[in-house]
Every structure is written in structure tokens, then in C-alpha cells.
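What follows is a set of structures for review.
In what follows, subunit A forms one complex with subunit B and a second complex with subunit C.
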Partner chain A sequence: MEILYFALDYFELVLFLVLLSIGFFVGRILEQKHFKSIRQRERESKNILVFAARFPPNLAQPQDCTLVCGQVVISSDYFKQFVAGLRSLVGGRFRGYESLFDRARREAVLRMKDEARNKGYKMIVNVRFETTSLTGGRQGALPSFEVVAYGTAVRPR
Partner chain B sequence: MADILVSNIEIVPGRRVIRHLGLVQGSTVRSKHAGKDILAGLKNIVGGELKAYTELMQEAREEATDRMIQQAASIGANGVLNVRYATTSVTMGAAEILAYGTAVVLE
Partner chain C sequence: MEFENRTPDEHVNYSTEHPLKEFAWLLGGLMVALVALSFLVGAFAGEVASWLPYRYEAAVAEQVDMQLKGNAPDAPNEPAAPGEPTPAAIRKALDRIAQPLAAHMRLPEGMQIKVHYNNSEMVNAFATLGGNIVIMRGLIEAVPDENTLAMVIAHEIAHAAERHPVKHLGRAVGIGIVLSVVSAEAARTAAATATNLAATGTLLTFSRQQEREADTIGLDALVKQYGHAGGATALFPLLEASHPPEHRARLTILSTHPHAADRVTELNTLVAARGWQADGMRIPLSPTLAALQQRARKR
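Coming up: the complex of A and B.
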């Protein structure tokens, strides 16, 4: 019986290590791929201007405007969460999570730009970001976040 | 609903606001079915975008925006200005999305 318990404990440890290494290697590869695609799409969508300023320039001119919105739900990987758990003991920067939010925000902006482009606009003003945690405060759940970017697309009429 | 103008700035360049009709809002609470939830749980191991949840939130946002626009239309507005979104997580896998703004009549 004791051997069985030992095997179960051992199994949990093995499972933990496997998940940790999958999280580390696959998660890292996916993140690099995502960053590469983000950089490329950012170059491609350079011609769409994005401002956090509240009003478009030249207010007197009649302009079409419409709301555009981009959103992404992103989650941390198993490895990052483990490291974050250790990190919270000593405090300081959570580098893994910083890159996660960076990815999510840039992706959200790109989607917003895509929507503007599909609707035939080239400028977005009054861009706002909003970030929400979707885990609902449940303990032990892997953190997932929603990032939204929205703004008003304008074009001279 | 194409005739209702929605924007998150307080003015419409080149058009005058004739009348303010007050606050309009739309909200929805959505959750995904268990199968997709489990898939998202697996995706959690390697991290990255959870496409099922992104889709869910996108649908929810469209629904909330539509309801806001319907409310605006029902009180005779032809524009909703200064629109804001707010998202609250209710439980794991369910979230409320609220869209609100000021209904106006534009010339």
C-alpha cells in the first residue's frame, strides 16, 4: 500500500516536471513566433495612425467616424506561473508577465487597426485600453487576462 | 442599425449635436460551454492566446454594443457618443460586458 502511495506521489512530481518543461519550451517558442508576427504586422500597418489624443486634428472639417475595437484573451503558461509564484516571495519584476501583457496589448492594437482598415479608415483617435482578469478570483487557476483596445476611427468626408 | 453613429469621442467633427437624450447602456453576461473550457484549460499549459475566449468576449462585446444601440434607437437618437466599455469577470469562464454612452440627436 505504501508503495502505491509513493508511486502516486512520484507520478504527481513527474507530471509537474513534464508540464513545467512543456510550458517552458513550447510556451517560449510560441511567444517568439507571436512576437515575430506582431512585429511584421506592425510594419505592414504603419500607414494607419493611432492617437491617444481625444480629438482628431482639424475639427471644423466634416468627418465620418465610427467605433473600432480590438481584443485578445491571453493566458500565462505553466512555467511562467510557477516562476511568478516563486518571484512573489521576494518581490520585484515579473518579466514573464511583462512580455505577456506587451504581447496582448500590441495584438489588440493590431486587431483594432485591422478593423479600421477593413472599414476604410486610416486614423484612430481617443484610443483607450482596458485590462480585465478573467480568472474570477479562483485559487489555483492559471491566470488569463482580457485586453481591449478601442477608439474612434475618423476620415475626412 | 447602420444609421446610428457610435463613437468614443464627445463630438462629431463637422456636425452639431441638437439634443442630448441621456445615458444608454447595454450589457451581457456570457460563458462558454464546458468542452471549450477544458480545451482552454489545456491551452493554459503552454500559454498564449485563448482563441475560444477571445471569440466569446468578442461576441459578448458586439451583443452589448447592439443592445446599447437598440436602446438609443428606441428613444429616437441617431448617435451614441463617448462610448465606454467595462468588463467584469463573474466566475471562471463567465464575464459581464457593459457598454454605455450618451445618446444624442445629430443634425
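Coming up: the complex of A and C.
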């Protein structure tokens, strides 16, 4: 009973702590699961080659080409956001966001490879990344952003 | 030509450090910084506030004054019980004790002592911003004579004259500003409660040094007004008695008031050192205040 009264008296604080722990525990479990899945799919899609170069290695050979694209929209969690808020007082690495962006970028590449594989391609050249913040500069909004990986899938004709 | 895409290096783009480690460092650092800053700003703001001329304080004090008049249970001028003197009459009787005492002190320019009466059972009185002094019903009922009451009033006037309340408020507002780094809400609350508490006297716990100052200046005014120091120490045994023993032990540790026995000793030493007459003719309470006391005895 007394715990209940305490919770009511300090409702904002209790709510904050609950959100923070949900953000931490759930966010961490999901992140580890995602990383595991990313690593596995990266091994599986090793046969699809990705190049940042503008042209395929064998230029003399006529090629079929098509645009392939992988897109990810990802959001931060409450815990990461809070730590980033503290971090912004003193500056330094946003460690939480670094892993978040790493996941988004690798996931985008995997989705792009999926598209290429579905269309029967095994090589993507001229791969580029784009990113957009969905939150913009809005105060207090949970940071979420889009990462797009795109390139030209090529196969010898 | 053979090509292959190697799997990415896992330890380049992101840190594998446990997130709670960073969290603990940042939060701990912030707490330490805030506490340190609060102390600094608190000490500094209190001093700055007391250097400001009184007229700046008067603007804030007006709100406090209005709150004292508006919130006090005596707002409608009717006696608390039939047959009792009206609050206005009590205020007037208290004012008649306070003003001559105030005349013996050096008040800041423009400050006028305003006495308020609060219909509360507590044996208490406090001084707050703007030369406002609040005397509670319980105190009037507890004192044996006018001299004792005058000593308490003189003590509170001395707080006001030395501008202790504004020193205290300056600290509270300064700490509020520091808190605003973390949360604007917390800062607003701190600033609002500071004026609120100033009006109720809750936060106005002065330092031991300030209490001693008020004792010394108050005693000086008392002797100048009544010709002797009688009644100066009479209230302390009453205060001790009004707190139950288990409460008393805690009070000694927590309260910023110096221990009652120490204060009695200090006051007696001062009386002897200045060559003042230790006691003399005590003046009975004025009819209005005596009537209030009689009602209490009947209850």
C-alpha cells in the first residue's frame, strides 16, 4: 500500500524510471537479436558482391543493369535518448546511436542485396547511402531516421 | 578475376562497452557537478541578494505581503471564537510592542516592520521578506508577560533588519537556476515554492550564526526599550516543554537553532558583559492579548 502511495506521490519520477528500464532492457534485447540476425544474413548473402566503384570490374562485357535499393527506418529507445541527452552536456561519442546507425546501415545493405538476389543479380556496383532524420529538429521527440542503400545491380548479358 | 566481400569488422563502428557503464559515469558526473554548483551558487546568490538595496526586495516582498494577508486565517476580521478579540485588534496590540523595538534597530532604508497575526496553535513566530513578521496564536498564549513576547518579536525584527530572509531566498532562487539546467519544470517549481515558502516561513531556517546575531540585536533593543533584560530567556524553557522529549533529541541535531541552553547562556553572558540590569519590572500583557490568553486557559 505504501509503495502505491509513493508511486502516486512521485508519479513523474516513477514513470520516468519505468520508461528508462523498459528502454534499456527491451532495447538491449532487441539490439542483440538484430545484430545476431544481421551477422547470419551477411554470411548467407556473401555471394552477392557489393562495390562502391561506379563501374563493374569487367567493363568490356555488355551488362544488364537495374537499380536496387534497400531502405530501413529505425528508432532510438528511451534509454539511448536519455544517455544521449546527458552526453550532449559534455560531448563525446554517442555510443548508443553508433550501434543504432551501424544496424541501420548494415540492414539497408542486406535489403538491397535481397532485392538484387530476387531479380537474379549477383553483383551491385556504385553503392551509395542516404540518410534522413524523421524527427528533424523537434524538441523532445525520440530520434528516428531512415537509411537508404542503393546501387546498380549488374549481370553479364 | 576473383572478388569477395568480407564480413565487416564488428569493433570499428560501434562500441561493445556495456551501456550502463557510460550511463553511470554521465549520471554520476552530472550529480556531482550539480551538487557542487548548487553549493557555489547558493552561497554566492545569498550574499549577492543581501547586497541589493532594500527597494529591490520590496517588489518581491509585496507578493509575500499579499499572500500573508490573503491566506491568513484572519483575513475576514472576525474573532476566531465569540468573545475573543478580533484579529485586527490583536495585530494592533502586537504592533504596539513591535514598533518601539524596531525604532531601536537600524532597519534598511525604506523597510517598515509589518506585524501579522496567525491563528495557529504553534508556539512560533517568523520573519520573512519585506519586514513582515508573523506571530502565531500559540506563542501569545504561552508567554508569561509582555517582556518575553517582546524578546521574540525583537529577535524576529532583527532577522528582518539584518536581511536574513532575503539571503535565504537568494540561495533558493540560485539553486533553482542551477536545477533549470536539468529541467525547466524543476526550476519553475523551485522559484515558485521559494516565494510560497517565504510567505509561510517554512523554508526560512536561518543559520546558527544568523540566529545568534538576531538574539544579540534583539536583546539590545529589548534592554533599550524596557530598561532591563528580564524576559529575554523566559521563552526557551517554554519552547522545550512544548516539544515532546523524543522530538526534542531530534530537534537538537536537525534544528539550525542553537541549543536552547546554549542560547540562554550566551544571552546571560552578554547581559553581564554589557553591564545591563538582568531583570526588572515585568509588564503584563495588554488587555487584548490577555483576553486571548484567558480564552486558551478555559479550553
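Miscellaneous remarks
In this section, the second predicted complex is superposed on the first by the 148 of 157 C-alpha atoms of A that agree within 3 Å, B and C clash if a C-alpha of one lies under 4 Å from a C-alpha of the other, contacts with A are read in each partner's own complex, and residues count from 1 in each chain.
The definition used in the following text is that contacts are C-beta pairs under 8 Å (C-beta built on N, C-alpha and C of every residue); 3 or more make two chains touch, one makes a residue touch a chain.
The structure presented is a predicted model; accordingly, all values stated were derived computationally and were not measured.
Touch criterion met: A:F55 reaches subunit B, while subunit C stays clear of it. Legend: residue contacts after superposition of the two complexes on their common chain; A:K46 is shown touching subunit C, with no touch to subunit B.
Of the two partner chains placed around the shared chain by superposition, subunit C is the only one that A:V83 touches, whereas subunit B remains out of contact. More residues of subunit A lie in touch with B than with the remaining chain of the pair subunit B and subunit C. Applying the stated contact rule after C-alpha superposition, one finds that A:S99 touches subunit C and leaves subunit B untouched.
Comparing the two complexes, residues 58, 80 of subunit A contact subunit B in one case and subunit C in the other. Per the touch definition, subunit A reaches subunit C in the complex via residues 24, 28, 39, 42-43, 46, 48-51, 57-58, 79-80, 83, 86-87, 89-90, 93, 95-96, 98-99, 101-102, 106.
Subunit A makes touch with subunit B in their complex at residues 19, 22-23, 26-27, 30-31, 34, 54-56, 58-63, 65-67, 69, 71-78, 80, 100, 104, 107, 125-126, 128, 130, 132-138, 141-142, 144, 146, 148, 150-152, 154, 157.
Those residues of subunit B that touch subunit A in the complex are listed here as 5-15, 40-41, 43-50, 53-54, 56-58, 61, 65, 83-95. On the subunit C side of its complex with subunit A, the touching residues are 1, 3-5, 7-8, 10, 13-15, 17, 19-20, 22-23, 26-27, 29-30.
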